[in-house]
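Both of the next two complexes hold chain A, though its partner changes from chain B to chain C.
Let's turn to the complex of A and B:
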């Protein structure tokens, strides 16, 4: 396969798999609550329906920012997915420092949500955006610490391809004391980055209605929803590449690769369904307290080569 | 129009608007969303913002204070959208008929697509009404 082809099909592929994954999320949630749950094409119906609706731009909002914010998020999510898949398919082709680029791009969907929320000139959206900002400040540090562990283990590799190659010869980063600490931190912060329960504080339905998205309607809302679905697929993929040795597509290892992702997804869904929502101060205290300490411990362990 | 309406029948997101009900109809609406009736099967989700809504579930008498607000919420809903009036109060004034604080019924303020009578209607009744509305929309599409 040609890399150019990957660049072209990356967006539709990520979008379709993202929709599938978000359907799995909703279906499993429904089954856990002893319900039947939505049909398979539900995310697609939602998306098409939103595309067909009217776009309302609130009076007094900054129009261009309001409409462009969702696009920034979508583009960033697509880029992350593209970099990760290039690294998975051709570990030697990824460029130096693409891990850092991925980490930057992973932040942009949250930034887009913040910008969009502030641009919509709605008190509820502003409140949601400020919460999202605090949450982002809280979860970035532990997430970086967790990724740092993998970098130390691989001898200072900041190329995704190098990380995958290292794990092929030396075993997964996950299979060590520091790796286990790091992946726990990564899973918790992943939940916060995806703003799923217990960290769905920015859009808490019961107190903030839909928080940052409150003024969005029609196609921009559809794009935000699509970005979230794509992130639900892409972010666990990053974790798989960094900690669980990436994916391989020869023979039986296809199943094995998919299993890694599915286990992470099921963990996310289970955490989401068995926890109440935290308050923003509790979330920040939790992420900067125990989680960061665990992250620091993981880094220290990694330096000691455990 | 065709595909827009078709997609709308597959995933109608509802927004709950109470215009001065006795609160019983609202509780019955919430009953519909419990795991027992599981409206997510039809793609129905309760949303918190009228901007996301495809259907307004209107309950209550439409009191004087509520008239401008109901109009505003209706205008905030992006079109195409439908309005579902639930409960005898929303249809006529039910037991409150003749009260001086309720000059108008719901359908004199905003256009209503389907009426679901009952005081309060059973959750099964509400679901049956919504299913009929969806079938109607499908024919139109």
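Let's turn to the complex of A and C:
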């Protein structure tokens, strides 16, 4: 098993599943709004169409930064996906990085969006990027607390493989009082990390005209969109590994495994379709207030071994 | 002469020559400083290969180079050389080159002395000497810097006095000054007091809370190379070196002492970075980060586990690299634009690409973005904290979340800086000047430091950890996995494929430039988002509103509080000065009587 090979296979796999998932998202959203919704291949059509369009670069911006930023986000999303899948498939010989590495790499797609927005030389993009940064700060604190609940339960294991192995022998982290609190926090912060409604504050179409992406077009925009689709697949997978015992592919457990992800996806779509957008100060107050308190409660409960 | 004496004697002698040569011969100062720092660097490389090595006088070891001090000496020599090189262009206008270059060399010599000292009193002498050269260097900033220089001298000098007290305690317990043979157990309360007092000296030097308040003031007024040289690089090396020497060799650490270090570390991380978020001046913002990062080093030391301590020491080395790089790129910006006010900068990334690249690399390194060097050392510190949890400690989660969240806050404030200085819309004052990249004398130090950030990150295990850190700490076991080489290859593969897609689509070439789209309107040039207000949401958030207000009123400034206290005490006794001779005579009589009674009572 060559790491580089796994990485290279991981990219198209994550991209294809990401497109599929984003189609599900769009289709379900459409049905909830009494629309028909797009055909199965619509995300692919969108991507290919954008690749063929011309690239417009804002006058007087830092051209190289502007064009490179999307690529870093894509690479980081692929890397996280690889770490998660190697941990799922070969829990005992995980390589490349541990949970801390995953947490840091998860920040990079947002970072890429921020730098890209800054490099656009557009006040609207700057505002959007600053909102993205604040949102990242707001969700980071509760997300860390939630994830470390699993580490506490597993007795200080920070390798993804160890977390999965622990949950195989001791049951899922989710199946305890602290685990339930933690996964609620994780789902809310996941929504913020994916910048989906009610946390789509950085791109807020109605006020910022898609904010950070306002100057992007053609292939760079295609890559940003692809990164987001991949994150829609990868981020819930991280939650599955940390709280729901990972995935297993023998016999009937295949169904179980896929169900874990689907449940998370359905929750994401439901939250997204039943909430209005928050203002950034409301989001910060919400995430640093009740959500963080719930996260602290989860940590305390985990120490009490509940 | 013993080899260990050279790196102390050479720069101090050359510094003296610098001071003698008249002010007009500026060129000679520069040459002497460059030769002196280069020679010292060379000597330190030689000494690094000799270690362990000792200098004896009257049978006691006065100077000693071992695994811990060896690589720190090497780093100090490198900084001395790079900063001297950088100063040529930057200090062109300043007419204090005599004092400036003389003090730079003296600082280098004294730093070598303090790092090599194996005798507590020798250590303290060099330590005190460094305080004076720091004072002189800050004063080269002109009249504006006078207040900051005074504040620094009082804080550093005061903590030196505490160190003297601590050394007295240590001597009274062990009747020895020899550092290498010292084994102080925590059973004796006097030793714990000595530890805290000595640690306060290290904190003041490195800039941990609450002894940090001189750093932002110095950064704002002193010339940038001075800040890059002392508070950002050498003072960190020295302060954390002393702390490392104490934790690893001199003291047997008890749980309480570790807890003390971890509390100081976490509070420093969070509080300083929160202050950095709201700054409007580039130099002040960078200075608060220089404080915040010290927290990680102290936290790493406080874990008491080998991987945490190694991480703390590694972070010290990394910090001095990226922080001087950041200050130097800030200096380049100031050199070209004449300001460090974030409201009056912007859009410089296009005009100064080399400065921008080195700044961005250093900014990613300080924010702990993998695969740069800052990530590796932070990752090691986190593992030290997790290890603490494995042996049954419950508080580790607080320190861990504080450290990781602090890392996110660091990233946030560097994004603000990136936007306000290098990206975003240029301000009018920037646009009206024709700004181009700085000269080669200024780019070389920045690029060297930025490259070190990359190398120490990607080849973390094979270069810095293997040669510098682990020989000093001993072997460590990692709980987690991080393979920077593999990750870098993957990142590069991804980037190459991505660029290939861009190229394949032919869009980079046919890509068209157009004005930015702002709802179809043309904005006047003075309408722009500067970035200074990015985090006002957080500033106005709940309790933070009050904390920020108190911090800006200097409630948490130990210098200011002590100053107020001293003034109030003075005012109280000032009431006795009524100006009437007979009243004074009464006071004298009362005093004499009291003295008499006291002396009689003792007999």
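Some notes on this structure:
The definition used in the following text is that the second predicted complex is superposed on the first by the 298 of 306 C-alpha atoms of A that agree within 3 Å, B and C clash if a C-alpha of one lies under 4 Å from a C-alpha of the other, contacts with A are read in each partner's own complex, and residues count from 1 in each chain.
Everything that follows uses one rule, which is that a contact is a pair of C-beta atoms (placed from the backbone, for glycine too) under 8 Å apart; a residue touches a chain by one contact, two chains touch by 3 or more.
All values derive from a computational prediction rather than experimental measurement.
Once chain A of one complex is fitted onto chain A of the other, the partner contacts of A:7 are limited to chain C, with no touch recorded for chain B.
In the superposed model, A:65 lies in contact with chain C only, and not with chain B.
In the superposition on chain A, contact of A:273 is made with neither chain B nor chain C. Of the two partner chains placed by superposition, chain B and chain C are both touched by A:56. In the superposed model, A:215 lies in contact with both chain B and chain C.
By the touch criterion defined above, A:34 reaches chain B but does not reach chain C.
Between chain B and chain C, the partner in contact with more residues of chain A is C. In the superposition on the C-alpha atoms of chain A, the part of chain A touched by chain B in one complex and by chain C in the other spans residues 52, 54-56, 209, 214-215, 218.
Residues of chain C that touch chain A in their complex: 347, 349-350, 353, 356, 368-370, 375, 379, 382-383, 386-387, 389-390, 394, 397, 400-401, 404-405, 408-409, 411-412, 415-416, 418-419, 422-426, 479-483, 486-487, 489-491, 493-495, 498-499, 501-502, 505, 507-508, 510-519, 523, 527-529, 531, 534-535, 537-538, 540-542.
Interface residues of chain A facing chain B in the complex, by the touch rule stated above, are 26, 30, 33-39, 41-42, 45-46, 48-49, 52-56, 205, 208-210, 213-218, 221. Contact residues on chain A toward chain C in their complex (touch as defined above): 3-4, 7-8, 11, 51-52, 54-65, 67-68, 70-72, 74-75, 78-79, 82, 94-101, 103-105, 107-108, 111, 114-115, 118-127, 129-130, 133-134, 136-137, 140-141, 144-145, 148, 151-152, 155-159, 209, 214-215, 218-220, 223, 280-281, 284-285, 288-289, 299, 303.
On the chain B side of its complex with chain A, the touching residues are 3-4, 7-8, 10-11, 35, 38, 40-41, 43, 47-49, 51-52, 54, 76, 78-80.
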